[in-house]
């Protein structure tokens, strides 16, 4: 169970201007800008829930994920995940979570996938039997048999993403964070990834928190949506709730979301 | 330890994928330090000694420094490349794994191409030893080991400082080269030849002299004080401020996430 | 031409963006120069008579070397060029109407000059303010200064031309790293970047001074400090001109034949 209450975080960002004169000026003075990345964010997520976390770029999605995964310490507010405070009990917390960053790889580029898996096994100190049964299960359900002995650099994006997901699940985490897991994938790979996530959730009751710009992901996977903009939670409800916000019933999900962004001026 | 070996085996496997590139980089490393060697050689053809240190003594001094620098660069490369690790999110990945941060940074980069420099150091060493006139005894061997080990520790500490600063800014960290590359380059001669001020700096601020000049005096028989042989261990204390800086860097990173 | 000026301008602005980096670079080079001088001073103290040049000439040489590092270092490669040769993207460049040799040459000059311009002033200034004999000594007369500037221009062009030859050779190799490593190590030493050439044993020095590498930083810096003067100065400059012509011609030949080969292969 994830309990987030009044989480706030402010960044200071250096402002830079173009041009030779401005560049010269900035030798002497610097301008900072305050950006409120999280503004009293509050929500609960139950075990086994699948939640879609949406919002435009820079809305605070990745800051939230960073706080939940223990990478970032907030300025104020609380966050308790299964009794742990992520940024305080880093090691014990991260043992129970899995994180997939869609645009970054955790696999070693030049060696076969299986080598990366074995390293992860040793990092998480996964017992032998558990590792083997997990590997077996993931290999089957993500159809990895053919590619597991191939160096990562020779894999297609879709194959690589399947391996990334497997790598994040070897230690059977209770919570899985997916950051744009389908970005750049072809239709077949997208469907395979989605199907797998549903299956994972049903079989192991894994909590899944998904950030994405792909509304089809949301539609296929999540029963609940959190919309964040300018650091605030603007909407917390089901897909139907989201659709109710639109005047036009036949509008596509993308159009509805775009309209919401405009409406909230985010 | 088992996990470290696992990291090592992955690095070796990666290198085997690029054998030519590995070979050439190693040769390049060799050539660069070979230039420095040539510089020393020709200087001593003109001058028979510098401040009482002979050619073979300086060669030995250089090989000790080069050896410790190469070891540090090989095994602590993660800190040396830390700006990149923060930039590409590798450090975030490290944060979401249940192991010590320092250990993971060390494991994630092992730079085996430094074997070129190690080789250079060993060749010079083999050349210098019979000509140095040192009468070898157990205490001298221990001194030597201490020096190389102490040097590796000090250089590693500098890399950690560099990495810690990366948490705050990545701009302008080029100045750290003064201490790392600079110490490797200028450590080819015992640091006292650069004058009193440099020696003081290298004793109290960045303890280069503790693994280089002082024990070297004992090693070459210029001093009989055996305690000089253990100065490199004293230099190990340097790791304490480095570690504290690292800790504060991690705290800063976790509060800004950038 | 406008293209090159705007390229230069962009580099320059970029340099300002990273002013802290530039500052750090300046400090680094300053310390480097200071250490180098202290090192030579130790040798000077040990045996003054064996010192092959005036001590003040040496300090000037070292400060010049640090101030104009970006102009003369042979290891200042442009990775993009190597990459475009390696990946074959060079083919696109061939479609353009400009002469590729000239284009790369000017690009190399702009790259080095913009970097050097930003860094040289503070270093020269600081070095000038240092007390004798550690500081930079101003040249005795304007004629000498003019010769120095002319020689520096020639040396700079020789460095860029040398780089062009290496880029050209890269077309013929599978892995550019090897050529690059060997050539730069060799050039560094023979140019006097590791120790100034007067410190080499006389027999070796005589040969090395005739090589193209001596026409790089060695010539202008020693002219500046008065170490090369009189009849010897004209000889040095003449040698620089000869090497520049040879290297440009050689570079063009290599580049053209490499491109021809590429055209036949690549279609």
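Residue numbering begins at 1 within each chain, and the chains themselves are lettered A, B and C in the order written.
The criterion applied here is as follows: contacts are C-beta pairs under 8 Å (C-beta built on N, C-alpha and C of every residue); 3 or more make two chains touch, one makes a residue touch a chain.
Since we're looking at a predicted model, the values are computed, not measured.
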Most distant chain from chain A by Cα centroid: C
Chain occupying the most central position, where position means C-alpha average: B
Centre-to-centre distance between chain C and chain B (centres being mean Cα positions), rounded to whole Å: 29
Distance between chain centroids, defined by C-alpha means - chain A, chain C (Å): 50
Rounded Å distance, chain A centre to chain B centre (Cα mean): 40
Chain A residues touching chain B - in the complex, by the definition given at the top: 11, 63, 66, 69-73, 87, 90-92, 94-95, 97, 99, 101, 104, 106, 108-111, 115-116, 118-119, 122-125, 151
Chain B - residues contacting chain C, complex: 20-21, 24-25, 27-28, 31-32, 34-36, 38-39, 42-43, 45-51, 169, 171-175, 177-178, 182, 185-186, 189, 193-195, 198
Contact set on chain B toward chain A in their complex: 2-3, 6-7, 9-10, 13-14, 17-18, 88-90, 92-93, 95-99, 104, 251, 254-258
In the complex with chain B, residue positions of chain C that touch it: 18, 20-21, 23-25, 27-28, 31-32, 35, 38-39, 41-43, 45-47, 50, 52, 174-175, 177-178, 181-182, 185, 188-189, 194-195, 199-201, 204
